[in-house]
Amino acid sequence: MDRFVFLTLDGLSRGAVYAAFALALVLIWRAARVVNFAQGAMAVAAAYVAYSVATATGSYWLGFVVALVGGLLLGALVDRAVMRHVDHTSPLNPVIVALGLVLLIQAVLGMVYGSEFRPAEAPFSRGAFTVGGLAVLSPYDLFVFGAVTVVVCALAWIFARTAVGLRMRAAAFAPEVSRLLGVNVGGMLTLGWALASGVGALAAMLVIPTELGLHPHAMDLVFVSSFTAAVVGGLDSPPGAVVGGLIVGLLLSYVSGYAGSDLTPLAVLVLLLAVLLVRPGGLFAPVAARRV
Amino acid sequence: MSEGDDLLVVREVVAGYGAAPVLHAVDLTVPAGTIAAVVGANGAGKTTLLRTISGVLRPQAGRIELAGEDLRGVPVERLVHRGMAHVPEGRGVIGELTVDENLRLGGLWRRDRSDAARALDEVYQLFEPLARRRRHLGHQLSGGERQMLALGRALVGRPRLLLLDEPSLGLAPRVVARIMALLRQLRDSTGLTVLLVEQNVRSALSVADQGVVMSLGRVVTTAPAADLRDDVDLRHAYLGF
Amino acid sequence: MSPMHRTARRGLAIASTIVLLIATAACGDDGGSGSSRGNVPGVTDTEILVGTHMPLTGPAAAGYSKIAPATKAYFDYVNANGGVHGRKINYKIMDDGYNPANTQQVVRQLVLQDKVFAILNGLGTPTHTGVLDFLKTNRVPDLFVASGSRSWDQPEKYPGTFGFNPDYTVEGKILAQHVKTAMPGRKVCFLGQDDDFGRDSLAGVEKIFGADGVAVKQTYVTSNTNVAPQIGAFKAAGCQVVVLATVPGFTALSIGTAARLGFKPQWVVSNVGADHPTLSKQLGEAAPLLEGMIGGNYLPMQNDTANPWIQLFTRINKEHNGNAEFDGNTVYGMSVGYLFVQALLAAGKDLTREGLLEAVGKGGFQGPGLVPLRFSADDHSGYGGERLTRVSGGVQSYFGPAYETDEADGAVNEYTVTPVQPPANGVPTGN
Amino acid sequence: MSATSAATPPQERTTAAAGRPGDPHRRGSTLLRHLAVVVVAGLLLLGVSYVVEPFRNFQLATVAAYLCATAGLTVLTGLNGQLSLGHGALMATGAYTVAFCQNAFYDRGVTGGSLLLVSLAAAIVATVAVGAVVGVAAARLRGPYLAGVTLAVAVVVPALTVTFDGVFNGEQGLSVPVEPPPLALGAYFPYERWQLWIAGAATLLTLLLLANLVRSRYGRTFRAVRDDEVAARLAGIHVARTQVLAFVVSAATAGLGGALLAVLAQSVSPGAFGLTLSLFLLMAVVIGGLGRLAGAFWGAVLLVALPDLSHSVTEQLTLSAAAAQRLEGNLPLAIFGITLVVVMLVAPGGVQGLLSRLGRALLARLRAGRS
């Protein structure tokens, strides 16, 4: 029983990060109908900027803020400079461009920072509280949960309650009609990219201290897990991304805890197939799928 | 030629999708506070004309003026600020948004928030079925409700000029009649100018002040709607009844 | 579009393709063969061309990417001091990104196109395994492979291949022997990488403790960076000593995760993942967790500034390696270079591939290593033992004697021969 | 703008497809023309194998092996519209099958030149089986969901070799014993030339079959499904069956490609067939020109040239040791990344699109000069 509680809490704290990162993927998918394979590399770039700032100033939080802002700007830049000019008639084109960006960003990071792992600082202690002899969550885990919850709530609020959120949703669903109603669709698209990339940067800032450290490829594996999470949840659904992230986090934890770490990739594939064969649009897909 | 009270002036406009233009030098004038109906057979270029006026399609030549101002280079999304509203064919209701959100979207661009709110209330009064279905998603509405929603959403922006593309498409005659009556009522009460594109020539001409007959991308006749209704030759030649 | 026209167009496309191909092929021929003297590839009167494959990019590049440049720096130093028998060593480093498919390509390029004399210190078990047969067929000396796999020690099957690192089983035995004698009765657990590294290491540990002597055995895969489930299992079982056969990233992760869970066993870590500078850099502020960690090594410690070898290597690093960060990988790379120069000297002035292999097979090399190199006609493994290190006060240093053993059931013995001093000018002389 | 490029509007595609009626006379000539092209290419390759040095022979053989896989992928993705991020895993299936077969033969002391053919055939069969399973799942999925599943396949299949390391020998992989060239060719016949002959022959045969498939009724149904599933269904095409068929065909070629790679390398290990390979295959076919077999060729060339490029680029620059260490490896990747982005922005038809545009311009110029 102790082991189960332990694995559950561990899986949830992982899953929270996957959820945030999956949310970033969903944001861009909803806004631009692009699966942003460059999300991981972009987020790592933001984390490197945070690292530079934090080392230069000695302030983790300054670096944290700069990473989020940097993520926002990078997202806007990628949209304005690259993605906007991609021919979207074939869904493959943006995917390939994103893969090209991955190569480019990782290579540039490798050239600037070298391929060594850099230590990623955690702003709170990672030592777990002990309750009844059982190590539960650490202050850092609580920070991760808190940050992810804040982001999820903030995004939900922006999209559901604010004018700009309404504009963004309208622009994503019906670009031409939205333009006729005075919505700056191009601007909303850029904003969507910026927001998603900012959330991605946050996820990277949260997850890298729990991983091997800062490295151009630091988010590769997180990307695979989070993409799985987003697909399981349904790419059109932000709540689906959150639930999917938690499911994937728990699955990975249980499988490596009870069955062996080498079975985790297989478990992920089984989960994907099981979910998608029953619901080809993910768990949270609308029942009557829209024909586009 | 363009007098002070001509709200919309279209001069020698050439537009289309590929190398071959759909519109060949179209001329059109709509005086303020009137309803103009553009009629013609399928493929005459009616929808293309509306899309060109609202800027979705860039004209290859010619000019379009709204209240004396040239619209060249004005982005589509700025046209609502100039007082133009375009209800596209197929009604353009955003199915993933609720009725309320669809309506709010129509007034989001406005600086005068309180008047936008007032306009919203007025639309709900005007289209009472919408008020009952505020929280429903767009794709859950019936055809008539969708048309009301699209029209109402345009009205939230308090436009001077309303471009309406096939408002009667797929609707029961009773609903069409209601919508046509409403347009006339709006013209009379608020001075709204309407440019209406219709296949349903009878009901369009019944409500319009002015009729514009298009064929193969050209305007063949512009005349008072009543005259057109009675001109048998013209009807036979272009309108098929 | 008439069929005639289409055929013509296709013909044009094919013709242009062929022309292009031949052009690339022709350009690629940079005349490497033209300069060789006699029949020995890669050797002229003034130069010896040697190649290697290393991960310089990708996730595996961390740390390892420093080895080959250090070796090259040592060769540059030797070249500046007159070279070997008047020949300068030209070391060609090829990036394979730790991808076996790329290794195939770059090693063939080195052998077939650049016509290198030998492949030196190719890095990685999965990568290098793939080119063993190719190197054998082409009779290319394959010296001092950078990995502790036992595959390099197959003199019958691969007569041209020699290892360098102590193999993982030897290491496992030595680490386990220390645990058995210095910490008797403790509950011993094991975490290993899910490949031959972890397997061979566990085999060594179990040779000392017996198959039931290891309480909990866990593995990890590099594609899953969460080791909390494994560490949690150790904690739940009450492990007191944990032997790690892990790469540096996963050593740091394991120690960090354990601290997080309030689990503080005695860590005993394979040489592969025990380099203190690498680990403390990765752990950042959590570096004090490494206090007390026991590891194994067989080369001088990079922080032992009193050691003459380290003084020599530091100087070379400054003069020929752009004063790059000096760590265990630098020492490793330069030690490989030193050993290779020794082998070249032993092979004599009339350098041939057979001569070189024969010279290496004779063994008897002494250099920076603390334990013997086991080269002989029927033993192609590298160093045959290790000495233990401990982190104390933030400094990793040796303690106790050096040990040697074999990968079979032989006993773990102390190795008492004192290491040699480097030659005065840092270049080995023929022995 | 050519008829098969991804960016072509649907009307043009359908007319292009309709422009090739199923008239048997024409069909026969198509087959003959393809056959002629293959024979010419084979003879040229034979000639080239004698002209160039062993390393280039090996590189060309590797190009041939990759070409099998990229050709199949371009048919699947370019002509049938199914995205696959998992073709590296299918190549691994073929490669491991060949390894098992060859080892089984050698362990039993069975030798002979034709055994390799048996092993290659077994590799194709095994991959067809795996491809059919994935393909059936894929036929239910669209767009990013399909990408998600194939991505998982790309990650999982190499990982299985570690999970079942008793069979696959983990990261270290298996060696693939291959017969030396027949003695009839002479004692000093370069091994790499022999490798090129094997790989070249297998690949040309594959290309011949694929080219005919593309021009056949099946090729037209592939395109119809890509362009508009609903319309295809209305036209009486069984959409799911067509998609599974396309997946199986491309799996078969990928399996053969992987098998050839294993034969060339005489070894197989999971690291060579990771997610990177799957992504690079996709990038290669897009850069080459999606949906064209000639584009698949350019893609394969690119895959082989990239590591080579990696070294020569940095060698051209004179840099300090520290800077060189950082640029080495990274600079070519950066260049490749930029190229990929720029190609997609300015020339979505890929290399082959550019070449055929160039070729057409040349022909037009020639004809203008003549008349």
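Think of it as A, B, C and D in the order they're written, each chain with its own count starting at 1.
We adopt the following convention: contacts are C-beta pairs under 8 Å (C-beta built on N, C-alpha and C of every residue); 3 or more make two chains touch, one makes a residue touch a chain.
This is a predicted model, so every value here is computed, not measured.
The minimal number of chain-to-chain contact steps leading from subunit B to subunit D is 2. Of the two interfaces, A-B and C-D, the higher number of touching C-beta pairs belongs to C-D. Each chain's centre was taken as the mean of its CA atoms, and the one lying most distant from subunit A is B.
Centroid to centroid, with C-alpha atoms defining each point, subunit A and subunit B lie 43 Å apart. Subunit C has its Cα centroid 37 Å from the Cα centroid of subunit A.
For the pair subunit A and subunit D, the distance between mean C-alpha positions equals 32 Å.
Within subunit D, the positions touching two or more other chains are listed as 155, 159, 162, 325, 329-330, 333. Within subunit B, not a single residue touches two or more of the remaining chains.
Across the assembly, subunit C contributes residues 56-57, 61, 65, 194, 221, 223 that each touch 2 or more other chains.
All chain pairs that count as touching, in label order, are A-B, A-C, A-D, C-D. Partner subunit A is touched in their complex by these residues of subunit B: 54, 56, 75-81, 85-86, 88, 92, 94-97, 101, 104-106, 108-109, 139, 153, 157. Interface residues of subunit A, counted against subunit D in their complex, comprise 29, 35, 82, 85-87, 89-93, 95-97, 99-108, 110-112, 114, 224, 227-228, 230-231, 235, 262-263, 265-266, 268-269, 272-273, 276-277, 280-282.
Here subunit A touches subunit B in the complex through residues 163, 166-167, 169-170, 173-174, 176-185, 290, going by the rule given at the top. Across the complex, subunit C is touched by residues 19, 26, 29, 33, 37, 40-41, 44, 48, 51-56, 58-60, 62, 155, 159, 162, 165, 170-173, 175, 191-192, 261, 264-267, 269-274, 276-277, 294, 297, 304, 307-308, 310-311, 320-322, 325, 328-330, 333, 352, 355-356, 359-360, 362-363 of subunit D. Contacts from subunit C toward subunit A in the complex involve residues 56-59, 61-63, 65, 194, 218-221, 223-230, 232-233, 235-236, 249-250, 252-253, 256, 259-263, 281-286.
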